[in-house]
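So, here's a batch of structures to check.
Look at the two complexes coming up: chain A is in both, with chain B in one and chain C in the other.
Here is the complex of A and B:
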């Protein structure tokens, strides 16, 4: 019971941290999805320069650890006189991450749309633009939904890395509380629970969508 | 190329963390995957909760829990062992989920045929189901290994001197423009290290498709 009482005492301070975590996750997802769509279109573009640039952005965003991108923005760029607030750096790094991952998922979704759809659309005399945006993309996005939800969960968990650049998010709040009275076990367990109560149901919802889409495929 | 040699100093530790945690995961995930597919409901439920809980909590939290939270008598984890155990636990959960997918992807007819031929349960499982499941999941395992390589960078937050930690140290000593180099180099190095595994994954995937779906 002492744990529960302590947890209740810690909770208000943790909640403000959780708010910051959710804010960073929300921003990076909201910016990451549209950028991801743009990147997926760049990667499948006909122009070689556009394609190469898109591919490079995607491969760096997926291939380098999020922590490295975070440090690059927060510790690296200031050496060139480009300095960010820690929270801005966290949002930028995670946005890059989210955009790179979601672009691959969207590309796979768009590629999974049957060719007959494009052919039918061409036969009906629908313009190329409308074929992509009104016929292929909506269907492709549907099958990309579970993957994109997965990216959102990954980004929420990824916000914990912003601890390393002193963003006052959930992990940082936990560490601050812990270093006051050294109850590290209790406080990090509580932090873990805070992450889990959001991530776990989110994962279950994702699995539910995955199964539903698989049934209608 | 001072920056590069500084980053390289962390390479052995990065590889040690990644491979040790991977070894723990590959082996530890076997019983857990069996539990996840168990017909006994309570066993299945406990395994499911364990997997979802471990995956629902960010790696950095596990590392801090182990590094700062665990003290049994005079025993405390040093940074490296906390990182290996933490990354190992996370790998167990993720790989168990991958194995489960593989076990369930083996067509039911294989089981039925095996029963019809009178093979004992153990031969059915180890001789029929597991080899096919392994082929199905090997690309996913390779993909996970790449993820684990990147996740090992999180160990730098509990002062394990792997590549990112070494990059940080170099950048701190070089406040000039040169200080950005280690971050760029370490990023390239991670991508470079994951290329052979990604290649392996693609090859395995192609071979698997031929073997299972041909």
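Here is the complex of A and C:
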């Protein structure tokens, strides 16, 4: 009972932290997925320079831990006179992360589209551009949806890293509360529940979509 | 490659297909060895032969889904010589006059039957949605599938999908239709629906080239029978004559296998 009472007291401050976490996740997903699509196209491009650049961005984004990229943006770039606010740095780093991971998922989805689709479109005289954007991509994206939703959940949980550069997100709120009255167990348990309350339904939705797509495949 | 395109539809429809000395290889593996073929406008040519003979590859050279290594292709007023680059624009012009139907239908699964037939018209011919839909409905009716217009391909049987695919190709008003084993993926009974649509098309005077294992269709509908084996055309001529009295041993062996089973 005491825990519930304590939690109720913590909740307002935790909610503002959760809001910041959701905002960062939302921005990095909204910006990361279109960038991911662009990267997936670059990686499959004929032009070697374009392909190499795309590969480099994707491999760094996937190969380096998000925390390293976060630190590079926040602590590293000021060396070149580029300074960001902590929340901006967090959004940028996680956007890169989201773009890199989503690009590979989209590329796999696009590659899974049967070759006959492109051939039929070519045989009809439909332009390369329309063939990609209207025939191949919509089908590829369909099979990429579950994976992309997985990345979205991962991004939301990844916002906890922003704690390390003092962004007032959920973890930071929890830590602040904990450092006032030292009820770390209660407060971090509550933080865990806050993350789970968002992530678990999102996972269920993903599973639902996977089943639906499998049924119509 | 160079394409000299004539937009003169009347002239184009009198040209048919002329393929000269087409060769194609993948590395060391020869697929087509100096193959030539003439198709008169308004005629039906059936391409038969054992698998691996190069029939499909040869058919796909006509609309450049496969690029031959050498030879000349003359299709409905467009002349193409391999060796030089062909612009996307010229390629589109060539493909606009040639419709193609595939063994695996290749309808766009994310579009309804109506959209499958209308979308290429809007994109390739620049028809408005209303014009395109009107034409699509006419064609869907012609292939007996008007009531399937709002369905997605996944909800249609194989035979229905193939007839929609035929309507989709016809919607661009091609002067030539290519069929790549259009009934091979279908149950024999269902294949009949598709064959009857093709018979009607032939009766209407469409220039058709059909790769097929349907010997009955080849005998009854085609004007010219072309037998391919080992990357070459080994025999061609009147279908009844070839089927009753093949000149080549290889043809005889193949026909015995398909006719006397």
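Simple rule for what comes next: the second predicted complex is superposed on the first by the 217 of 217 C-alpha atoms of A that agree within 3 Å, B and C clash if a C-alpha of one lies under 4 Å from a C-alpha of the other, contacts with A are read in each partner's own complex, and residues count from 1 in each chain.
Rule of thumb we're sticking to: a residue touches a chain if its C-beta (ideal position, glycine included) is under 8 Å from a C-beta of that chain, and two chains touch if they have at least 3 such contacts.
For clarity, every value in this text was computed on a predicted model and none was experimentally measured.
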Chain B and chain C placed together on chain A: clash or fit? fit
TODO: Figure out whether A:164 sits in contact with chain B (first) or chain C (second), or with both, or with neither.
DONE: first
| request: Classify the contacts of A:102 with the two partner chains as first (chain B alone), second (chain C alone), both, or neither. | output: neither
Inquiry  = Between chain B and chain C, whom does A:71 touch in the aligned arrangement: first, second, both, or neither?
reply    = first
With chain A at the apex, the angle to the CA centres of chain B and chain C, rounded to a multiple of 10 degrees, reads 100
Item to complete: Could you say whether A:203 touches chain B, chain C, both of them, or neither, answering first, second, both or neither?
Response: first
- Task: Scan A:123 for contacts with chain B and chain C and give back first, second, both or neither.
- Result: second
Is A:40 touching anything from chain B or chain C once the two structures are fitted on A? First, second, both or neither. neither
Of chain B and chain C, the partner touching more residues of chain A is B
Least Cα-Cα separation in the three-chain superposition, chain B to chain C, whole Å, stands at 24
Overlap of the chain B and chain C interfaces on chain A comprises residues none
Listed in rising order, the residues of chain A that touch chain B in the complex are 59-60, 63-69, 71-72, 75-77, 79-80, 157-158, 160-161, 163-164, 171, 174-175, 178, 184-186, 188-189, 191-192, 195-196, 199-200, 203-204
Listed in rising order, chain A residues that touch chain C in their complex are 114, 116-117, 119-128, 130, 134-135, 138-139, 142, 216
The chain C residues in contact with chain A across the complex are 63, 65, 88, 91-96, 98-100, 102, 104, 106-110, 119-120, 123-124, 154, 165, 168-169, 172
Within the complex, chain A is touched by chain B residues 52-53, 55-58, 60-62, 64-65, 68-71, 150-151, 153-154, 156-157, 164, 167-168, 171, 175-180, 183-184, 186-188, 190-191, 194
